[in-house]
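Below are structures written as structure tokens.
Each of the next two complexes has chain A plus one other chain: chain B in the first, chain C in the second.
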Partner chain A sequence: MKYFLGIDVGALSTNAVILDVRREIVGYSIVQTGANSTEAAEETLEKALVMANIDRAKITSTVATGYGRISVPFAEKKVTEISCHALGAYYLYPDTGTVIDIGGQDSKVIRVGDGGKVLDFTMNDKCAAGTGRFLEVMAAKLRVSLDELGDLSLQASQEVQISSVCTVFAESEVVSLVAQNHPTEEIIRGLHRSIVNRIWSMVKMLGIRGAVTMSGGVAKNRGVVSLLEERLEQPIHVHTEPQIVGALGAALLALRLAQTAT
Partner chain B sequence: MAKREEYIDKEKKEKGKKLFGIFPAQYPREILWAMNVLPVEIWDPPLEVIHANAHLQPYICSVVRLGLELILQGKCEGLDGFLFPHTCDSIQNLSSIVSDYLGVKKPCYFFYHPKSPYQDSSRVYYLEQLKGLVARLEKQLGPLDSSQLKHRVQQGQEVARVLKQLYDLRVQGELEASNADFYRVVRRGEYLSPDDFLPLLEEFLAAAKGSAQGGPAVIMSGVLPNPKEILTLLDELGVRIAHDDLLNCSRRLLVPPSRADDPFEALTESYFAMPPCTTKDSSVSERVDDLLAKVEQSNAKGVIFYMVKFCEPELFDVPQLTGELRKRGVATLLIDCELNQNLSGQLATRVEAFFEMIS
Partner chain C sequence: MYLIKNLQYHFMKDLGLPALMRFSQRTKKRRPKKLDTCFGPPLTSTGRLKEIMTRHYLLSRYAEGARPVAWVTSGAPVELLRAFEFYTFYPENHGALCGAQKVGSELCEVAEGKGYSQDLCSYARIDLGVCFSGRTPVGKLPKPDLLFASNNICQTVVYWYKVLAYHWKVPLILFDTPYNFKDIADSDISYMVGQLEEMIPVLEEVSGKEFNYQRFQDVIRLAKEASLTWGEVLATMKARPAPMTIFDAFGHLAPIVSLRGLPVALNYYRVLLNELNDRVKKGIGAITDERKRLMWDNIAIWYKVRDLSNRFAERGMNFVAATYTNAWAETISYLDINHPFESLAKAYSLVILNNNLNHRFELMERLVKEYGVDGLVIHSARSCKPYSVGQYDIKRLLMDRLGVPSVVIEADIADSRVFSEEQTRTRLEAFFEAMEA
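After this line comes the complex of A and B, so read on.
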């Protein structure tokens, strides 16, 4: 049996997906990237192999993606995360026409065509506003875990307006709001709103096409997804493991690469 | 060939030429050549900005910032004057800072060209501007020799003719040169005398004829191809810049030849025949038509808008240009960055993703 590996080395997490020849996911893994991308790639691969219960030698081809894609020496090919997220999202939800990926250090909106081909894209990669890093900083300031943010914001009956779009200034604003005794859940909801507004302006640039699929770690935050659905006026597909969408796309390309070679 | 600084120094010391620092973008270089001046264009000096920030707001582009820094670091001491064409508000304000506030003890000249929509009076105005500039220059440099001007106008047309040949071959995929090599050679015209630039272009033309690499072709639009790492990245990806809509390249260099006998008339005719440009206030529809023609001629798969951050004249047009091109099925990529900045991983990812999209 042949297997195909996709590795996505992102700013915060490094993810692996192993597919079999029927394009079924047989193993995956999500680990922290840390300070060494190559080591993170090795670690995530080992974990995915354990889950798939296969030897490394059975991997026929590998495609790497993400910012650290050049740090995966065992990958035969490197492809950008934009192409991989589009392909992965299309595989999971074939009606996908738009992908919103909010990752650790950037956010992207991708228009997707037939077969998961990228038609157009836009990226916010110049500052941390509208990214997972923004929420990470704010969660630390509010002394709540990242996992708690979503549920807490859904409990808010009101929201506080965050006027700064810059992460550094927004952090100062949060300090002031805490000092004014605003409830934490209302501040969190305001923070989520500011992310959604940021994403909305990117969506407006490209326009929505078909169904929307969200990928990246922030897609696990139900508060952000809920506000985004409200803004888009349509439901959003979110996979149970939205962080592996890019790695999945890379694994699909690895399979295609092997098929082309034969 | 000697490096820029060495070359300029030699032209002054050995050939007795006057040196003028020229700010972007359109100016009658032939007049300067005819008056024994070597125009040295100031686009993107490789400097760390230390002093200029005190004089400029944070939202001023790096062309202006680096140009001012060049003066403030004392690197223009050897120049005999400055010329400020009225390109945009920021360059206009720079001319004020340099001539009115810094107390720079060098002659500063200003050149105003008409903006579109053009009327009959626009030609008269341009002609007056040319002659007015000559009159001001003559006070510093002595009288203009009309036969020299005629010779230099012809030489300028010859430079444009060879450049056009190079661009035509590039469009047809018959120029072997990489993106980086092509623009390295074209940009040497920013400081070389036509006596040296013309042979260089001819030599390059003869050496570089051949099949271009087989990857997708794109058009690059914007101000100038800097940082040059973008050119290297495109070369590595196998993407050929088949044509450009760059302010400091095709927009002002591909001047259609004039048949006018009078050199002032010839310069005027050429100015009004230049491709559409933001610095001339050309309409968006003219620019769309020009870009679409370039896409069609070169069979390009997309247009990369490569913007200098905060360049208002360019950025104002971009939403409409990209919108119109997308409507016609032409892929577009917008990148804005500071000059001389290293290519970040994020920026490289955008370019690579665009390449994957059009491949």
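After this line comes the complex of A and C, so read on.
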């Protein structure tokens, strides 16, 4: 049996997906990237191999993606996360016309065509506004974990307006909101609103086509997803493991690579 | 005194500098050229271009006292000044040169140190940085006797040139062009003609020369012909493979920008056009394997021209059109020697940056069709707001109406500090993947 590996080395997490020849996911893993992306790639691969219960030698081909794609020495090919997220999202939800990926370092909106082909895309400009890093910084400031953010924001009955989109300035805004005794949930909801507004303008630049699929770590945050659904006035597909969508697309490309080679 | 300076100027222009440049060419060690397999043979006209532009900048040292000197914006109707034999200096062209030589950011820092915002155009910051520090890669800039600006390209030039006027203590002439929302009205034309006529006594006083209508008509004719020839130069890129790339054209643009209305510009474009036509006849392409044809939007990223040129050529992608290079072929051809003032008003108020977005989209649609463009690279330039606004609308329209994919690069024309290598790489690679899929 042959297996195909996709590795996505992102700014925050490094993810792997292993597919078999029937294009079924047999193993995946999500680890923190940390300071050494080559080591993170090795670690995530080992974990995915354990889950798939296969030997490393069974991997026929590997495609790497994400910002650290160049530091995966064993990948035959390196492809950008834009192509991979489009392909992964299309595989999970074939009605996908628009992908919103909010990752650690950047966020992007991709218009997807037949077969998961990228038709058009736009990314955040050189600024952390509207990215996972924004939420990470704010969660640390509010002393809550990233995973708690979503539920907390859904508990809020009101929200506080965050006026600055700049991560550094928004951080000091949060400090003063905390000092004014605003409830944490309301501040979090305000922060989520700020991200959603930033993403919304990117979606508007490209225009929505078909169903919307969200990928990347921030898609796990139910608070952000529900505010975004409200703003887009349509439901959003979110996979149970939205962080692996890029690695999944890379694995699909690895499979395609092996097929065209033979 | 004037006579001596004038003789010296003419001697250096026609004999001294050409001889000096030939000598320095001969003594310069020739580095062996790196063999780039993705490019066709280099254009031989480029040597002539370098000569012309080097002589122009060197001549500025002899211009003071011999000629009235004017600093001019790229979109100003310089033809009127040529009738008074001004030596003209283009801060924007000089800013591009500083950008290309990678000294733009440090000159920007000089201006920033004096309190000018980082959000200000980098051409303006570089120019002010040069004025404050006296540093420039061309050695020395000629002191202006007059400043001449037109707000047809942006509003920044108005305030930038006011600072120059304050710094150099010289008069500033501003040519105000009403924005073209839909159609240009007769009242707009007469408003602009009135301004041009009012400039004449000021120009006579600064230059010490009387206005000569016939000389003015000559300049108009030369500018128009040079612009038409530049248009023909660009049109050779309709051929497959295109005989030149837009990255070459960014360089060959210099004479039509800064020597427009002088015989040297027209003569140069005739030489270049001959060479390009010859290449088309022989099927010689600028890149050896032209598989995709692209269009560029906005001013060049001057410090990255060579780098970007290589990155695209490696993948068989050639830039065959640009709204930027097209700007000097588009409206200057409206000039009419029988109606010089009216036609100047029309030509300079209808430039791309003073015209509505619908016009820009239609222009791009036409270029896409005429040049067989497969994709578009959009430079969102932090410096140039009038050029960068509306780009996302155009991106969406081109995709929806023509199915042409595009990518936006966030960068700047001459300040390399705002260029992010990693983010640009990802955007470009994703664009390549989409183009090749």
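Here, the second predicted complex is superposed on the first by the 261 of 262 C-alpha atoms of A that agree within 3 Å, B and C clash if a C-alpha of one lies under 4 Å from a C-alpha of the other, contacts with A are read in each partner's own complex, and residues count from 1 in each chain.
Quick note on the criterion: contacts are C-beta pairs under 8 Å (C-beta built on N, C-alpha and C of every residue); 3 or more make two chains touch, one makes a residue touch a chain.
These figures come from a predicted structure and were not determined experimentally.
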| item | value |
| --- | --- |
| Fit-or-clash call for chain B and chain C when the two complexes are aligned on chain A | clash |
| Touched partner set for A:67, first chain B, second chain C, both or neither | both |
| Per-residue contact with chain A, leading partner among chain C and chain B | C |
| Partner chain(s) touched by A:218 [first = chain B, second = chain C, both, neither] | neither |
| Footprint overlap on chain A, comparing chain B with chain C | 67, 79-83, 106, 117-121, 123, 125-126 |
| In the complex with chain A, residue positions of chain B that touch it | 326, 331, 344-347, 349-350, 352-353, 356-357 |
| Chain C contact footprint on chain A (complex, rising order) | 67, 79-83, 106, 111, 117-123, 125-126, 205-207 |
| Interfacial residue positions of chain C with respect to chain A in the complex | 380, 392, 395-396, 399-400, 405-408, 410, 418, 420, 422-423, 426-427, 429-430, 433-434, 437 |
| Interfacial residue positions of chain A with respect to chain B in the complex | 67, 79-83, 106, 117-121, 123, 125-126 |
